[in-house]
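First comes the structure, then the notes that go with it.
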Amino acid sequence: MFDQILFILSAVITMGGALAVVFSNNLMHACVYLLASLFGVAGLYATLNADFLAATQLVVYAGGVVILMLFAIMLTGGVQSTVNKFGIVKVPGMGNAKTYSAAGLAAVVISFVLFKILKNAAAMPAKGQMAYESTVEKLGGLLVSDHVLAFELSSILLLGALVGAAVIARPRHIKDDV
Amino acid sequence: MSNTNLDVYMPVIILMILAFVLVGGALLVAKILRPSNPTELKQTEYECGELPVGVAWSNFNVRFYVVSLIFIVFDVEGALMFPLASIYKKYNDAGAGGVVLATFLLFIGILAAGVVYCWRKGDLDWVRSFQTPAKNNQRTQGVVNE
Amino acid sequence: MNNTIVSYFLQFEEFQTVVTKLSEITGANATSLVAFVIFAVAAVVVLGALATVGGLGTYAERKISADLQMRQGPNRVGPYGILQFLADGVKMIMKEDIVPRHADKLTFNIAPLLCMLGVMATFAVLPFSSGFTMTDLDVGVFYLIGVSSLVGVGIFLGGYSSNSKWSMLGGMRGASQIISYEVPVTLSILAIVLLAGGMSFGTIVSAQGAWPHQWFVLHNPFTFIAFIVLFIGVLAETNRAPFDLPEAESELVSGYHTEFTGMRFGFFALAEYMEVFVVCGVVAALFLGGYNVPFGLGEGTFLMEKLHIPAIHAKGVGQLLQVGSFVSKTLALYYVVIWIRWTLPRLRVDHLMTLCWKYLTPIALFNLVGCALWMFFFHGQSIWQLLGHLGGGHGGGH
């Protein structure tokens, strides 16, 4: 009973948030809606018994990425109005042949994937209530046995991200000044 | 039984709904009880008694962005280390702690190298001069002399 | 295994008969329904208790600061002025609600809500006692880190939405401070997860004992440093002095909540004081033995065996003692937090970042490695156990 409530609630928040992001004119509001959507995704993970993934979603996305986006928006001066400084309401390049064809291609791919998922879901036998079990220890066990290489490689990826972030934002010294 | 299904998440949902109810309810009660006579001057933003100039939403320094980027790296790192940390004791008690320890130390070591790099290059400094140090000194002295 | 407050009740036969009765009446499995009722009651009780603690926190803050500065503090409303917080609450509700004309209305409304949401969601895993933990999630500490980061978003949006320069500066500072200090806090918590072998508060607390030498804070030198790092970190995360830069009243008027009036401001304040209680509780659970009570009083074994008291009463008394143990440790830390606020001057913003990134983070990383190595070489024994072995070895006994 509660599984269904949790699922429906999470799904509604996820979809509602995602739609609000798309239809919002205000970048800052879109960020808030995105936060709701990410929370909903965490709820969906929780319904799938992936408790650690749900918590990671909260920590990394709700805590980190949303703040990063808010700072990125403030870096560009926030939302002064929906009209940008060139006096253009719409983003330039929106609604020409290129974008329509790209959107059409994306729609085809997405609908194909969706169709596949739905077909599989329909073919799957109805399961009973799944037993709740912790995923953390299994995950930890896999990370030190089967996926140890991936785990270590991810640290190199993170190292690259750390150094890259620092390098990009580093102030350039004025050369001819010395 | 409550500990075999998703009922464990029930309090989270209940508390979040309670938060909505509490905030909404209190604001509603306040709306009924409080006076409301807004005036033009009352609704201006506070700027030390002067009329506010422009909006507050201006370009902010890039260092806030850098801090949050570095934070995300550490955040993901922490998220990856948590499962390892949770199983370490079990493996250690079984005498197989060395594997986890080695994985763990390598992971931390690689990231520590990144931190050391950022530190040496001065990326962890909050205040950084965009000019060379010599010119910067001149400038500050000029300000002081003025 | 997730222990919840419901599974605590379900261990008693009297309670299970009620559930089966209800199931017969409704014709369906009533466990979920009963669980919902218990959770809802527990949630309301905890919210009521913590809101009172938060309210009393404002009173305690003023009274303790008055004490430290040899003043009287609030002393008119009720005995010793203890009802001051109720008077303040009534005042907040009666205040006119002023929304700045150029404010961003949506985020202006959402910001206090996000702060309350982030703090209240953490109540779910707060371990008051072995039975009275609403839900002891397997990812307990990690979940807590995640939901409490909503407060940072709330503070940022509070600063942004007002469209006041002071608020904006406070909000930016607040958010960057909160995320920065989350790094040493997470790393310090990781050290404890290593030692306890699990992220749930139940595992962490039961890995410790009732006496101070069994607490993680005195487990080994690294955990002692981790305790200090975590405590400094949570001070910064809750925007408490000496890290109260987001609302630095001498430079930013009132920081991110400059433009908030009445109940909206009240929620920011309430969220802050409740969050202080929550993080003090977390520190108490992680490092100070949490709800542990000596002599097996907590589990009721002492009372049952020695005094032959029936299980349900013995366990009930045990739970009360555990709650007392947890709350007294937490309130002691709460006192220290207030004490620090009225003792230390505020940091400058670049010092704040230097402290976080150049001192606390490397120290926390070092601690983490130290704890891992300690676990490996001494098989998870505490320094006292090692000393005991040493003494025992010399004495010839064991």
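Order of writing sets the chain letters: A, B and C. Residues in each chain are counted from 1.
The criterion applied here is as follows: a contact is a pair of C-beta atoms (placed from the backbone, for glycine too) under 8 Å apart; a residue touches a chain by one contact, two chains touch by 3 or more.
None of the values given here were measured: they were computed from a predicted structure.
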Most widely separated chain from subunit C, with each centre as the mean of CA atoms: A
Leading chain pair when contacts are tallied as C-beta pairs: B-C
Subunit A and subunit B: spacing of chain centres that average the CA atoms, whole Å: 18
Whole-Å separation of chain centres (CA-atom averages), subunit A against subunit C: 29
Junction residues of subunit C, two or more chains touched: 1-2, 32, 35-36, 137, 139, 142, 160, 172, 175-176, 179, 182, 198-199
Multi-partner residues of subunit B (at least 2 other chains): 3, 7-10, 55, 57, 60, 64, 68, 70-71, 75, 78-79, 82, 85-88, 90, 115
Residues of subunit A whose C-beta touches two or more other chains: 2, 52, 56, 59, 63-64, 67, 71, 74, 78-79, 132, 136
Residues on subunit B engaged by subunit A in the complex (per definition of touch): 3-10, 13, 55, 57-60, 62-66, 68-73, 75-80, 82-88, 90-91, 99-100, 103, 106-107, 110-111, 113-115, 117-118, 121, 123, 128-132, 134-135
Contacting residues of subunit A [partner subunit B, same complex]: 2-3, 5-6, 9, 46-47, 49, 52, 56, 59-60, 63-65, 67-68, 71-72, 74-80, 129-132, 136-137, 139-141, 143-145, 148, 151-152, 154-156, 158-159, 161-163, 165-166, 169-174, 177-178
Residues of subunit C defined as touching subunit B within the complex: 1-4, 6-7, 10, 31-32, 35-36, 39-40, 42-44, 47, 92-103, 112-113, 116-117, 120-121, 123-124, 134-135, 137, 139, 142, 160, 162-168, 172, 175-176, 179-180, 182-183, 186-187, 190, 193-199, 253, 258-259, 262-264, 266-267, 349-350, 352-354, 357-358, 361-362, 365, 368-369, 372-373, 375-376, 379-380
Subunit C to subunit A touching residues, read off their complex: 1-2, 32, 35-36, 104, 106-107, 110, 137-139, 142-143, 145-147, 149-150, 152-153, 156-157, 160, 172, 175-176, 179, 182, 198-199
Complex interface listing, subunit A residues touching subunit C: 1-2, 26, 28-29, 32, 35, 42, 51-52, 54-59, 62-64, 66-67, 70-71, 74, 78-79, 132, 134, 136
